[in-house]
Every structure is written in structure tokens, then in C-alpha cells.
Amino acid sequence: MKLQLCSWQEVESYLERHRGIIVPIGSTEQHGPNGLVGTDALCPEVIAHGAGEREGIMVAPTLSIGMAQHHLSFPGSMTLRPRTLIAVVYDVVQSLTRHGFSHIYFLNGHGGNINTVQAAFAEYYADYSLHNAPDCEAPGHLKLGNWFAGQRVKALSAELFGDREGSHATCSEVSLTYYAYPEAIKQVKMSPEIAPNGSFRDAVDFRRRFPDGRMGSDPSLATPEKGKQLFEAGIEDLLEDYQAFLAA
Amino acid sequence: MKLQLCSWQEVESYLERHRGIIVPIGSTEQHGPNGLVGTDALCPEVIAHGAGEREGIMVAPTLSIGMAQHHLSFPGSMTLRPRTLIAVVYDVVQSLTRHGFSHIYFLNGHGGNINTVQAAFAEYYADYSLHNAPDCEAPGHLKLGNWFAGQRVKALSAELFGDREGSHATCSEVSLTYYAYPEAIKQVKMSPEIAPNGSFRDAVDFRRRFPDGRMGSDPSLATPEKGKQLFEAGIEDLLEDYQAFLAA
Amino acid sequence: MKLQLCSWQEVESYLERHRGIIVPIGSTEQHGPNGLVGTDALCPEVIAHGAGEREGIMVAPTLSIGMAQHHLSFPGSMTLRPRTLIAVVYDVVQSLTRHGFSHIYFLNGHGGNINTVQAAFAEYYADYSLHNAPDCEAPGHLKLGNWFAGQRVKALSAELFGDREGSHATCSEVSLTYYAYPEAIKQVKMSPEIAPNGSFRDAVDFRRRFPDGRMGSDPSLATPEKGKQLFEAGIEDLLEDYQAFLAA
Amino acid sequence: MKLQLCSWQEVESYLERHRGIIVPIGSTEQHGPNGLVGTDALCPEVIAHGAGEREGIMVAPTLSIGMAQHHLSFPGSMTLRPRTLIAVVYDVVQSLTRHGFSHIYFLNGHGGNINTVQAAFAEYYADYSLHNAPDCEAPGHLKLGNWFAGQRVKALSAELFGDREGSHATCSEVSLTYYAYPEAIKQVKMSPEIAPNGSFRDAVDFRRRFPDGRMGSDPSLATPEKGKQLFEAGIEDLLEDYQAFLAA
Amino acid sequence: MKLQLCSWQEVESYLERHRGIIVPIGSTEQHGPNGLVGTDALCPEVIAHGAGEREGIMVAPTLSIGMAQHHLSFPGSMTLRPRTLIAVVYDVVQSLTRHGFSHIYFLNGHGGNINTVQAAFAEYYADYSLHNAPDCEAPGHLKLGNWFAGQRVKALSAELFGDREGSHATCSEVSLTYYAYPEAIKQVKMSPEIAPNGSFRDAVDFRRRFPDGRMGSDPSLATPEKGKQLFEAGIEDLLEDYQAFLAA
Amino acid sequence: MKLQLCSWQEVESYLERHRGIIVPIGSTEQHGPNGLVGTDALCPEVIAHGAGEREGIMVAPTLSIGMAQHHLSFPGSMTLRPRTLIAVVYDVVQSLTRHGFSHIYFLNGHGGNINTVQAAFAEYYADYSLHNAPDCEAPGHLKLGNWFAGQRVKALSAELFGDREGSHATCSEVSLTYYAYPEAIKQVKMSPEIAPNGSFRDAVDFRRRFPDGRMGSDPSLATPEKGKQLFEAGIEDLLEDYQAFLAA
């Protein structure tokens, strides 16, 4: 169920039987020569929608812009500052717990979001932990899951792409977007075949080290067919992790 | 052109010939018994995408959560605090001007966003206006346009719905989402036929005054066919206003 | 009644019979060659004081510095950033509601304040709308009224100045300050007679478009006599709107 | 010269010959049974205006609301949070230095403002001190002077009121406001004659310790005649300190 | 070299030959029945000081209070909110780069700090990445290293404590503090021998799950002798990682 | 008792019999040619630890970095912006009051901290003073004491150093650090013997006025023996003031 396509009464009914919700969160940033700027938002979105439809789980609108300061030297990349993203996640959590959502699962598509979103969770909890009333407890249970780090997805990536998967503009994420948006498939010759790997600091430093925007990957291996397999694996990983979260 | 579906090199090429971009901005909030929670984000999104495809204008990802504090008594509504939304718009503008986008047109679907987004524009300009170097000028030209306030759309709304259009959960916006998402059409009997109108303060006050979430409207008149007409009118209004913005 | 001239016991007595207060809010910024830098603060202040004396309404001290980033290229203009002004209005509202003032009417003299003050109201309401306790309601009713937009004032402006009224450094506001501060009347020859109109962005852009600081006006028409008429009209508009606010 | 009564060209002319400005800053808070809520703003305002007229010094609009959290248990008291006041002072300084004002003298009327305003000055300087360019220097020289702490004023207070002067709702400040606003003189019998003295924390604590709002004073001694003497002494103190500031 | 024990001229000399500095960062929070509240700050401090003395590396004062909201239900625990800690790290980095320190290595002792400190690094970099001048690069290289995660330390912990090491109030960290502060060794009988493991949310939730404050550990195994071994291993791990950081 | 060396149960026991705590707060900044960068943090720390041991008072970890923007032109100086330090003090207070500490005594070693820490106290109190519930009172009593301003310390400084004590890099503080850290004693010839005195603004201004970092002092007079005397005097001053604080 997509929250955006419900009426408020439909949300009200949902809350009578279920208290969990999935919030896709991603980023808008370059993904190398043949990857989509929206990759990190589109991937968790399509998996969340797939899982949501299959099991009747509510899915909130995607937070499409994340923390991607290091990609800003490539046209089209967008970022929220960490402090901004913390405020966004904080307000999203408060909005949802206001209605009685008790378990909020952020399905993430961007490694660069992890630290900031976890900091936002702590910011939210801290309001309760620092409260004078010593038994004051936060109504929301929060979890960040990364679609690309589930057990099935990782196994499949390894099987399909081996050491050409890489860590940014990966074969897997490009495949998944090609499956979901076949109209956006791009044929680009890349050199070197496998991009360099390593660490980085700010945007200028990132582009110096990774001139075409890939990190460690050979996304010329990406195909929509492989994307479909990853889509299925991602949904299963998500459903398993989400159920465990509800039960924790 | 959807930014999310481009590679960074495609964005780079676009910027060589064009410096404008459209950013749909909306809200996630109740829209009465037969309207979608996502109405205010979906409407500017579909119009922006329509205009973007027709004229090759870049469209950024939709900012789907806006300032909707007054809707929080209805399940499913989400809000950013004004300070948060200001920070988001500020970072979005900085990200885009970093790449050379000089004209950023926010196509808005939610009346409640207007004040805050305009305040965010002023926050951005103020950094330049207060700069010690007295000839320091902001690289970005910013504009907020409301899809529902264009000349063609308003004329069409008046013709189609007269005084039953209303001001929240309007016949027009419900129609437009029905056209775009026919799978989400809802048949709900509403009473009274025309909702009350008036002002409001916070969430509790809003719900007391507008118990089913509509303001002044009779959205039982909404149909996908009328939505299609509004979609066309909205695209024409947007293209005209966007061109005027570029020329200003 | 001016709050500043009361003792706290007099305020306490007032609160036993009345819960409303007027807060004049303006700006400190250039107003063209013959207008006063303080125009936008002085106008709502004199009208509020006039109305307050006539009907025994409490008037808070004037917030004299508003959001005027676009005027900063003219010597003497001052601004608060939008985030700062939001914090100011927020604290003012919290201070007044702490004492039991339930209806706070901001009488505004500066168009540039409107968005930010409305955003501040939403920031205040949001604290209550997002509260976990679902029936939590804000104790304060907030309203922003513009003295220059009242029915009587607008009719009188039209009658007195027609299309030479303009939109900044208007004939009306200059007249009103001339009435209130005759010692500050300035005789300046302006060219062109009627200033250009249009939109603007930051301070450098504003000054390029409006070199002497006026927008659309011919304030050489301003006189203290006309100011007196506007003063009377402004008081009547305010009293009417304030009573309606209390009753809403 | 009152900034509010100048045109921008008059400010421009002033800046060609002089770079200093006085900003009265006060507070809006209870001042005991016969003192005015506006005392702390009105006192520096009338002295600044007096000095400004005498020597042709520009005087900015008064910042009437200061940091007075501890007075909030008395009706009519208003406060800005310290963080808000820091932001206000910061923006005021940036606005004025933008035009070339190099020496900004805040004439203060409220002891509770001192720490926060000094912290605001440091916040402003810190932007320059932390700048990567190691020779980056702040364009503004900032000073906070307290009208009640000048040499002449203190001597006169001691002479006029001895140990009945007190530390809040003092005989001196009440006298000064009675001189400036004779229409607001209040005859109130106070008991005990001399109020208790001591320290305080928050608003509830303050009111418990100082039930009628005075601290250590017997303001029944206040008269407009003594206020006139203090007015003259205050102007002389200010002019001396301001000249020393310009020369430093 | 301890920065606190240098004169500024000694720092100046150091900077002529070396551009790196180590900043110990920890937390102040309960560490179970026999662990010290200061464990997470003391551990990186003693290792940093050991390494600094051995190789002449400058060591900044320890940031002793970190992000520990989840420990607040145990007396003595202290926390900075994530937003506060981000601001602290940001200011520390700006202070040090101002002097020419180019490589700032934060040696961390608290898992709960990791996300927030990394978010702070991104906040710092973002200022440069979002700068209009497209080749603007941050002067500081930032790294967070965890003393407990170095290769030698982990091998030694495994060897000494096996699966009784745990994840909070670990045998290793308690041992290290016992070595450094033998006067604070505590003999406490704990039950169960091995504490439970798992995840947590806020302070109330944490204490419910981990009643005596340990997670997965049996710190009765801690001894100062083992602490000495860990101290040596920690220094070697740090020096290796620090050198790699300088060379990167 | 050092909080860092306690277990949480030891803190719990302490709170059953005592509700006060001392928080040393200082700064990390140049202290002239023979003074230590850590002087302002080390001095209150050693005195607090001395007093804490003598009378069994809990001492929190030292806040070693304060507000020292004006020292940033000297290598090794570090600062928190005032807004950051306010947030730190605020979170520290909230953490400690959460556990039932009711009297929090900040023992300060740096004049530059005073305004900002007092502003932080007001920020904390303001949350309670502005609370809608009119009898809401802050649980924490907060006090800032300066070790260098106690009666015994001032008398001893005057006796030992007369007018060569100075106001920054004073003979007293250098002596105290020499007593506590004899390994860091520095022999430096200074010229002039007595440093200039005066005011300052930002870092560049400070260094221009005080080229070797001292203000008004001749710290060549510092010795560890005098430091020992000051240490004893400081402990006595602190214990007296702390007891008075508890009793207030």
C-alpha cells in the first residue's frame, strides 16, 4: 500500500491492524557513466513498493535526496547537509508516531546516508532519554535497513558480478534501475573497465580519485534481467528483516 | 527529462544548452474522504513530468513532504517543520546552483508550503545580500509557481466545478490524481455535500472545524476525464510561466 | 494601552477582562528618496497606538526590524534572516501566551515580512500538532494583518493617489509617516516621476532594478494631511479586523 | 539623528563623515509595582536619542525585547531565548557593517542582556577568527555600554537614593522613565519599603524570592525631576564612552 | 606531545615539521558494575598519550562527553545530543585547520559516537562541496579510528577473553582502564556471568534489556595485566593507522 | 570523587546522600611564551579534583575547550562557537539533572567563557520559564565560579605578584600549572617584561595588540612553589563557595 494513494480513512483502518511502515530513503547523485542519478532512491523505492504490494505493508513517500556531499562535483548530484537530513528524519518520525505508527523501517539505498540517519534516530531518542520523567519512553521503534546488504541480494550480486560489483555505481544497483526503468538504459563504453576503489573526503577530492564517478565497479555488466532477479531477492530480504523488526 | 533517469554526463550536456530546472514540491496529507494523501505532491509531479517531456526541461525529484502541520490530526499526514523545510529548500538550491543551474522553478501543489518556501528563498538570498562584498550576487534565480493557480487551470476549474471546487481536497486536484492514478479512485459518500470553509490554527483546531478533512469542496465531482483536461491546462500554464521566468 | 507604559499589575488587571494584544511589526529599510527608513515600522506602530488608545487594547512594543534582505544595498537598511525572525516571533508568542494572552494580532507594515511571520506561526503551531498527546492544542490564536491592506485604507489610497500609489515607498505610507513625524518631511525631486515596478531577488538585483529605492510609486504626492486621513482609516480597519479575530 | 527618520541618502551622507552608530537595547519585563514594563528599553532609548540629537550621532531603532526569562512569572514580561537574541544581534551587526558602519555601540538598559549580547559579539567575531584566511578581520567594532553604569549616573544615583537604589526596578530607572513618560507615573504603596535582594534562577524561583518584582529598591523615591538629572548625566556618560570607543 | 602542555611557540615549531594531530574522543557513561563511567574516554586517551609520547605526535585534549543517549537511565551517564556533538567536532576541526593542521585523527573509544562523528565530518566537507567556486577543497583530512577495532587489539581480545569479551563494558576496555587507573579497580560479583546481547532504542529501553549495564560481556575477567598488553597493542595499532592516514 | 572513575552504582550511592557536582570548564588556548595551551582547563581541573578528594564531592569530566575565538591567531588555540558551547552546557545540565543532581557548580578557568556559560544557563532556565504550566520550575540549580576570582586566591596573587599578575597568561595560572605539571615548566625570556593590557575583538586584532599572547602579566615570576600555595587557596575558596551554593 502506498501511503500517497490512500485516503486518510484507509490509513486509519490500516493502523487498526498494523503499526509498521516502510520509508524508502535514497539519494540523488551521479552513478557513473551508465548509471542513473536517481539510482539510490529508485532502488529502495521499487523494492519497498514490491514488498508493500505483496504483503499489504504501508509505504511512505520516498525521501529522494540524501547526504551526498562528496558527489557534488558531478552535475546533477544533490545533497542535504547532515544537519538538514537529521531534521527531516526527525520530523518524519514525529509525524508518523503522532498517528500511532510504532515501527518505522527506513529502507535505504545510499551508503552515505547511514551515519546521518542513525544520528537522526539518536536525536529522536535523546529527547526521551533526557526527559526529566525517568520512565519516559519513545513511542517509535526505528530501523535503517540497506536493500543492498540483505543476505539474498549479497549472495546474488556475488554470483552475478563477482569482484566487478564494486562499491559505487555497482552492477547490482544499475541492473535494478534498468529493470525498473528500461527506458533509461544507457550504453556507454567505460575505461578502465573496473573503476578504482578507495576513500574520499569532499567533492573535489572524490572527483579527482574517481574521475567518471564509479568506485570499484564495472557496471557495463548491468542488465535488466539481472535487475529482475535482484528485485525479487531484495523483496524477500526486506520482508524477512521487516518481520524481524516488528517482532523485536 | 527526469533528473533521476539521467546520467551525470547527460546532465552536463543539458547544462551546456539550458540552465533551468523544475522542482516539484508538494505535501503528504489527508485530502478528504475520496482524495489521496499524496495529492499535493502527485499533482505538481505529473504536470512537471508532462511539461518536462514535452519540452525537454529537466525535472528534479519531487519534494513530497511539505509544511502541513495543520493536517496532523488525520492519519497519514506528514509534515516538516518550517525551519526544516527552509533548510531543505536551501540545500536543494545550493546543490543545483553548484552545477550551474541558474533558474530553479519550484512547481508547488500545496498552499501550506508557500510562506515557508518563500522564506527559504529569502534565507538563500540573504546570504548574498548581507555579504561584506557589496556587489555579491546570488547565482540562483528562484521562483515558486502553484500549478492550481495558473490561468488556464483556474478557468477550467471554474467551468467544471463552479463554487464546488473548494480550497482543500478540491475537485480539481482530486480529478488530476484520478487521471494519473486511476487505480486509486475511491467512491465515498460525503456529507455534507459541500464542506465548510474558513481558517484554522493547529491540527486539533483544523479537525474540529473540518471533520472529514475537506475545505469548501464537493470532490464527489472529481473524474479522471476532468483530470486529463486539467493535466493539459496545467502543462500549458507551467510552460508559459517557466518561459517567462527564464526571460525575466 | 501601551504595554511598555504599564506596570505588571496593570497588565494583570487587563488580562482579567481581555485576552487580546496587538504587536506592531515592521522593518527598517530604505523607502526611496523622500521616505523614511523606519516607514514600515512606524506606520503600524502609530495605527496600533491610535487604536489601542481609542479602545483600550494592549499594544506590545514594536518589532522594528523585519525581513528586508533585498533592501541591503541601500544604506541604513537592516534585516533579520528569516530563521532569526521566526525565532523572534516564536519567543514573543510563547512569552505572551505564558501570561494568558490568547489572541495575538500582529499588525504588519512590511510586505517582506508576511511569508516569514506566517512560517513562524506554523512553527509555533507545529509544536502542538506534532505532540504525542493527540488532543494537545496551542493556547495562542495568531493573526497577521497588514495595515495597508485594509478595506478603508485601500479605498482611500486609490482615491488619493490612483495609480501613483505604487508598491514600495508608496504615497500612502510616506504620507502616514509625514503625518506622524512632520519634522522628518523631505522635499526631494525624483526622476522618473513614477518608479518602475517588477520583481527582484537579492539586494544587488533589487538596486539594479530600482535605483532610487521606489517601486511603482510617485511619493512626491505624499502630504501629512493625507496621512491623517489614512491614519483614521487605518485605525478603523484595524479595530474591525481585530474584533473579528477575537470573535473567530 | 534617528535612523528611522532618515532617508537612505541621508544615511549615505552620514557615512561619508562618520562610521559610528548607537543601538539602544533593552527589555520588556515587570519593574515592580510602580515601574513600567518597558523601563529597560525606554531608558537607553531616551538617552541615546538625547545624545544623538546633541551630537548628530545616528541612532538605530531600539531592540525592545531582550533576555528576561526570569521575569516571566509576572504578567507582561517578554523574553527572547539567548540563542534568539544572539541571532538578532548577529544579523543587526551584519546589516550595519554591510553599509560601512564600523563602530556599533549597543546602549543597554538591562543587566540580563549583558552575557547574551557579549556572546553574540563573540559569535560574530568567531566567523572571522575561524576563517581559513589567517589575516581575515571583522569589519565591525562592537561595544556594549550600560547607561546605568556610567560614572556620572552612578554618582548621581548614590547621591539621590543611597542604599535604596536597589538592583532591579531601581529608583534611577523608574525616575528616568517618569521624566520621559510623565503620563505613566504610578502612585503605589509598597511593602516592605525596601525589597529583598539576592540571586535567582528561573521565573518561578524569581517570583518566589521577589514577590512584587523589585530587587533591593525603594522606587517610591522616584520622581521625574530626578529623572531629568539622570537623563543629563546619562547623555554625558554615553557621549564620553562613545567617543572613547571610536578612538580605541 | 600533549597540546595542553605546550606553549604556542612549541605548537608553531611542531607545525613546521608535521601537520597531523590526534584527538581522543570518548564518552561518559555507565560501564556495568565493575567498569568506570569514564571508560570510553580514558581508553583512547591513554593510548593516544602513549603513542604521542613514543613518536612525538601532538595529542589534543580529550573530548570526554560523546553521544550516549541510550545510557541515560544509569546514574552518571552523560550525553551530547547528536546535533551538539556535530557542532563540537565541526568547531574543533575548524580551529585546528586554522593553524595548518591538515590531518586530524579522532581516536574513538565509544561505538555510539561513530555515526555522529562521521556525520560531523560530512557537515564539514559539505561546506566546501557546496561552495560556488567549483574547485574549493577542504583543508582538513579527517579520520575516525576506533582503538578497540585495531587488528592487534582485536586479536589480543579474542585470545584473552574469547566470547566473553562482549560489546559493551567489555573485558578489554575494563582491563585497559584498570591498567591505567589501578586505584579504581572494583570487585563486584555479577549475575548472570555473561550479560545479554542485542539492540536497543532509548534509555528506558536500554536499561530494561541490560539491567546492570553490560552487553554480552563478563568483565570479571578484566585485570590490569591484560590491560597493559592491550595498551601496547593499541599503541601499535594506532601508530600504524595514523601513518597510513598521513600517507593516504 | 571523579565521576569518570566511578561505576554507575557508586554514582547511585552518592546521589542518595548528596545532590551536588562540580564540572571543571576551561579552554585550550595560547598562554604566552611560557604558559601552557591547556592552562585554563588544567587549573580548574586540579583544584576541583583536589577539593573533590578532600570532601568527597563528585567531579565531572573537564570541559576542556571553551569560547576562545580571540586566541585563534596563535597556533594551538581551539574554540567552540558561543552557540556550540551553549548547546554543550545545556546537554550537560540535562544529563546531570536526569539523574537527580540538583546543584551543578561549573568551576571555570577562562574569562572568555563567562558570558557564554551564563547565557547557556539562561537558555536552560528559559525552557521552564516559558512553559505553559505556570508553576513549572527547573530541577537544576546552576552556578559558575571562577577559581581565579576567589577571595583567598586573589589575596595571594596580589601578595605574590602585585601588579605583574596581569589578566591573561597570569603569574598565578602559570604557577598553578607548573605545580601540577612540573615536566612542562618552560624557561623563556620575554620582552617587554610586562605585557600590554587592553581590549580586543577578533583573533587578528588580538594578536596585533598582544604579540606574544600575554596581557598585562610578567609570568616569568611563576614558580611551582607559588603554584602549590595557589592550589591550596583555590581549594579552600571553592569549598566555601560550593557549600554556600548548596545552602542557597
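Going in written order, the chains are labelled A, B, C, D, E and F, and every chain counts its residues from 1.
Note that in this section contacts are C-beta pairs under 8 Å (C-beta built on N, C-alpha and C of every residue); 3 or more make two chains touch, one makes a residue touch a chain.
Please read all numbers here as calculations on a predicted model, not as lab measurements.
Least step count on the touch graph, subunit A to subunit D: 2. In this assembly, E is the chain whose CA centroid lies farthest from the centroid of subunit C. In whole angstrom, the spacing between the mean C-alpha positions of subunit E and subunit F is 24. Once the centre of each chain is set as its mean CA position, subunit C and subunit E turn out to be 53 Å apart. Between the Cα centres of subunit A and subunit C there is a gap of 46 Å.
Shared interface positions of subunit A, defined as residues touching 2 or more other chains, are 72, 79, 81, 83, 91, 95, 98, 129-130, 134.
Taken chain by chain, the contacts fit none of the simple shapes, being neither an open path, a ring, a star, nor a full set of pairwise contacts.
Checking each pair of chains for touch leaves A-B, A-C, A-E, A-F, B-C, B-D, B-E, C-D, C-F, D-E, D-F, E-F. Residues of subunit C touching subunit F in their complex: 91, 94-95, 97-98, 139. Within the complex, the subunit C residues that touch subunit B are 67, 69-70, 72-73, 79, 81-83, 86, 112, 114-116, 118-120, 122-123, 125-126, 128-130, 134-138, 141-142, 199, 201-205, 248.
Residues 2-12, 15, 28, 30-38, 41-42, 60-65, 72, 74-81, 83-84, 87-88, 90-92, 95-96, 98-100, 181, 183-184, 186, 188, 213 of subunit F are the ones that touch subunit E when the two sit in their complex. On the side of subunit E, the complex with subunit B involves touching residues 129-132, 134.
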